[in-house]
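What follows is a pair of complexes built around chain A, which joins chain B in one and chain C in the other.
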Partner chain A sequence: MLASAIPTLVFYLLAAISLTLAWSVVTGRRILRAAVSLMGVLAASAGLYLLLDSPFLAGVQVLVYVGGIVVLLVFAVMLTRTTELLEDHPTRARQIVGGAVATGFFLLSYNMMTADAFVGRTLSPLPKNDVAAIGRALLDTGENGYALPFEVVSLLLLAAMIGGIVIARKPAVAAKPEAFHG
Partner chain B sequence: MADFLTAHAPTLTHWLVLTSALFAIGLYGMLTRRNAVGVLMSLELCLNAAAVNFVLFNRYLAPTAQGGAERLDGAVMTIFVIAVAAAEVVVGMAIFVAMYAERRTVDVTRLDALKD
Partner chain C sequence: MSWPVKTIAERTGDLLPGSPWTAALYVLLTILAVTAFMTVTGLVLIYAERKIAAHFQCRLGPMRVGWHGVLQTIADALKLLLKEDIVPRDADALLHILAPVLSFAGMLLVMIALPMSPSLQVADMNIGVLYVTAVSGLGVLGILLGGWSSNNKWSLLGAMRAGAQIISYEVSATLALLVVVLFSGTLQLSGIVQSQEAGWWIWRAHGCGIVAFAIFLIAGTAEINRTPFDLAEGESELTAGFHTEYSGLRFSFFFLSEFLNMFVLAAMTSTLFLGGWMPLHIGHFTVFNGVMDIIPPGLWFTFKTTGMIFLIMWFRWTFPRLRVDQLMRLEWKILLPIGFVNLFVSAACVVTGCYFFAR
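Right, the complex of A and B next:
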C-alpha cells in the first residue's frame, strides 16, 4: 500500500516544484536567478525520468542539461551583462499575446489528451537492461535502428562547436604588411 | 492518506497535463522575454517538456513493436533532443556574445537591423 503511494506523492511534489520554478524562469526579473530556477526545473525532470523507470535518461539529463547547458547559459548571461541588469516587465501587449498563445496551446493539447486513446493506459514494464537496449538501438543499422541519426548528431555537434568558435571569436586583426616579408 | 494517494495515482493524462503546462509556460516566456538569453531559457523549458513526452508515449502507448519485442524509441529520441539542445545552446551563446560585442545589447526588441 505504502509502496504505491510514494511514487504518487513524488509525482505531485515534482510537478509542483517544476511548475513553480518554470514560472519563475519566465517571469523573474533577475536573469541569473532565472538560470538557477531553470536548473531546478531540469533536475525535477530528471526525477520524473526516474519515476518513469529510466535512470539512464535521468543521468544524461543531469550530466548534459543541468551540468552542461545551464552552465553555458550562465556564461552567456555573464558575458552579455548589460548596464540594465534587471529585465523590464514585458509590455501589456506582449503579455496578452504571450498569454493567449500559451493558453491556446494548452487548451488545444488538453482537448487532444483527453481523447479515448490516452485514457486508462498503464505503465508497461521496460526491458531488463534498458541501457544496453538503448546502445544497441543507437548502433543498429537495420530497419528500426538509429545508426544514421546517431552519426548525423555527431556531425551536428561538431558543426555547432566549430560554428560557435567562428561566430564568437573576435574579428581577425589585419596582418601588418611587413610581417609577410619576414 | 496512503489510501487516497494510491487511489489517485497519476495516469497518462496527468503526466500529459504536466508536460503541456511546462511547454505552455516556456511558450509564454519565449513571447514575453526581452533578454535573448531569457528567450533561450524558455526554449529549453519547451524542449525539456517535449523530451519527457517522448518517454511517456514510449512507456504508455507503444511499449512493444509488432513482433512483441520491446522498443525504446522514446528514450533514443530523448537522447537526440538533449544532444540537439546542447548544440543549439552553444550556437545561441556564440551569437549572443558576438551580438553583444557588436551592439552592446541582447534586448530582442531592439534588434531590428533587418528592418532598415
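Right, the complex of A and C next:
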C-alpha cells in the first residue's frame, strides 16, 4: 500500500506546486519573479517525468528549460531593465480578450482529453528506457525511426540561429566611406 | 577484481519494505552526514586556500588561532553567523533571499551524485553525467538573481559577467565531458569509474583524453568563477561583484558554495579523467594492479581530488585575470573548435577501437 501511496502523494504535491507557480507566472506583476516561478513550473514538470519513469527526459527538461531557457530569459530581462519596474495593469479590453482566449483553450483541451480514452496506442513498441535506445531511435531511418523529424528540428534550429545572427549584426557600413578628415 | 557499487539510496530502498520509519531515519542521517561533510570540507578548503596562497607569496598565513591557525576558519565562520543580515531597502527581498539558496542547491544536487567510493555515493543515477550538467545550471541562476535583486549596478555588472561566462564555458565543458561518455559508453558516474579499470581515460584515450582533460579543467575553472576567470567579482573593478550587497549568513552561503564548487569540479575531473575511486591500473599487469588495490578506493578518490584542488589553487597565483573580450575569445575561438575536433577524433577512436586496452 505504501509503495503506491508515495508516488500518488508526490504527484499531487508536484501538481499543486505547478499550478500555484503557473498562476503566479501569469498574474505576477514583477517580471523577474514571474521568470523564477516559471523555473519552478518547469522543474516540477521534470519531477512529473521522473514519476513517469523517464529520468532521461527529466534530465533534458532541467538542462534545456531550467538551465538554458530560464537563464536566457533572466539574462534578457536584466539587459532591458535595471530597476524594479512593475508591469502595467492590463486594460479592460485586454483582460476580456485574454480571458476569452484562455477559456476557449481550456474548453478545447478539455474536450480533447475527454474525447480520447488514452489507451496505450503507440506506433512502435516503446524503446527500452535507456539512453542508448533513445539514441538509436533518433538516428534510425527505418519505419519507426526518428531520423527525419530529428533532422527537420535541427534545420529549424539552424534557421533560428542564422536569423538571430542577422538581427544582431550591425548594419553594414556604407560601401563608399566619407571623406577622411584628419 | 570487480567493484560492486552500493549507493546510500539503494540501501534506503532495501530498508523501506521492512520498516518505513527506519528508512526515514536513514534518510535523515544521510542528510545530516552530507551537511556535516559539506561544512567541514568548506572550512578545510578555506583554510587550505589561505595557507597555500600565503606560502605562494612567502607569507605564513593565519598563525594565531590554534596550531598554525587551524581554528581560524571556525572563528571566521562563527563571526559570519553573528553578523547582521542586511537586505537593501529597494531590493526585491524575496529574490534576494532565494538567490543564495539556489546557488547552494545547484552545488548540493551535484554533490549527492559524486561517486566517492564503491560504498560511498548518495545516489547513482542512470543519467549521471546529464544530471550533473543539468543541475549545475541552477548555480548560474542563483548568481544572476543575486546580482539583479541587490539593486546595485556593480552587482548587476558582476552577475552579467558571471552569467555570460558560465553559459559560454558550459559548452566546452560539456564537449569535453562527452569525450569520456563516448569512451566509457555510459552516462552513469559509477559506470564511468568502473570503465577505467584497465587505466584512466586521461592516458588510455590516445591523446583525446588529455586534450579533453585540459579543456574540462579550463572551462570548469571558468564555470566556478575562479582566478584567472574571476571577472564576476574582480575586486579591483566591481567591489565584490554579484555578492556585494550580501552579508552574514546569506553571504556565507554564496561563499561556501563557491568553495564547494571547487571541490565538486575537482571530484568531477578526477571521476571522469583520473579514474575516480579506481586505483591506478595498467591493463593486464596483474601484480602491479594487485599492489595498487591494497590502497582502498576512498583514499584514491581523496588523493586525486586533493591533488586537483591544489592545482586549481595553484592557478590562482600563476595566471593573471583575463579581460572580458579575451575571455570570450578564448572560449569561442580557441576552446570550442578544439573541443569539436577532439570530439570527432575520439568518436573515430571509439569506433575503430584505437585506444589502449580496448576490449
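The criterion applied here is as follows: the second predicted complex is superposed on the first by the 148 of 182 C-alpha atoms of A that agree within 3 Å, B and C clash if a C-alpha of one lies under 4 Å from a C-alpha of the other, contacts with A are read in each partner's own complex, and residues count from 1 in each chain.
Here is the rule we go by: a contact is a pair of C-beta atoms (placed from the backbone, for glycine too) under 8 Å apart; a residue touches a chain by one contact, two chains touch by 3 or more.
From a predicted model like this one, the values you see are computed outputs, not experimental measurements.
Bringing the complexes onto one copy of chain A puts chain B beside chain C with no clash. Of the two partner chains placed by the overlay, neither chain B nor chain C lies in contact with A:111. Which of chain B and chain C touches more residues of chain A: that partner is B. Of the two partner chains placed by the overlay, chain B and chain C both lie in contact with A:75.
Contacts of A:9 after superposition: chain B is touched, whereas chain C is not reached.
In the superposition on chain A, contact of A:23 is made with chain B only, not with chain C.
When both complexes are overlaid on chain A, the residue A:141 reaches neither chain B nor chain C. In the superposition on chain A, A:66 makes contact with chain C only, while chain B stays out of contact range.
Once the two complexes are laid over each other on the shared chain, residue contacts for A:56 go to chain B and to chain C alike.
Once chain A of one complex is fitted onto chain A of the other, the partner contacts of A:33 are limited to chain C, with no touch recorded for chain B.
The superposed arrangement places chain B and chain C with a least CA-CA distance of 13 Å. Touched by chain B in one complex and by chain C in the other are residues 2, 56, 60, 68, 72, 75, 77, 79, 82, 130 of chain A.
For chain A in complex with chain C, the residues that touch the partner chain are 2-3, 30, 32-33, 36, 39, 55-56, 59-60, 62-63, 66-68, 70-72, 74-75, 77-79, 82-84, 130-131.
Those residues of chain C whose C-beta lies close enough to touch chain A in the complex are 16-17, 20, 90-92, 94-95, 98, 125-127, 130-131, 133-138, 140-141, 144-145, 147-149, 151, 153, 156, 159-160, 163-164, 167, 170, 187. Those residues of chain A lying in contact with chain B across their complex are 1-2, 4-5, 7-9, 11-12, 15, 18-19, 22-23, 25-27, 31, 34-35, 38, 41-42, 45, 48-49, 52-54, 56-57, 60-61, 64-65, 68-69, 72-73, 75-77, 79-80, 82, 87-88, 90, 94-95, 97-99, 101-103, 105-106, 109-110, 113-114, 117-127, 130, 133-134, 137-138, 144, 146, 149, 153, 156-157, 159-161, 163-168, 170.
Per the touch definition, chain B reaches chain A in the complex via residues 1-3, 5-6, 8-14, 16-18, 20-38, 40-42, 44-45, 48, 51-52, 55-56, 59-61, 63-65, 70-73, 75-76, 78-80, 82-101, 104-107.
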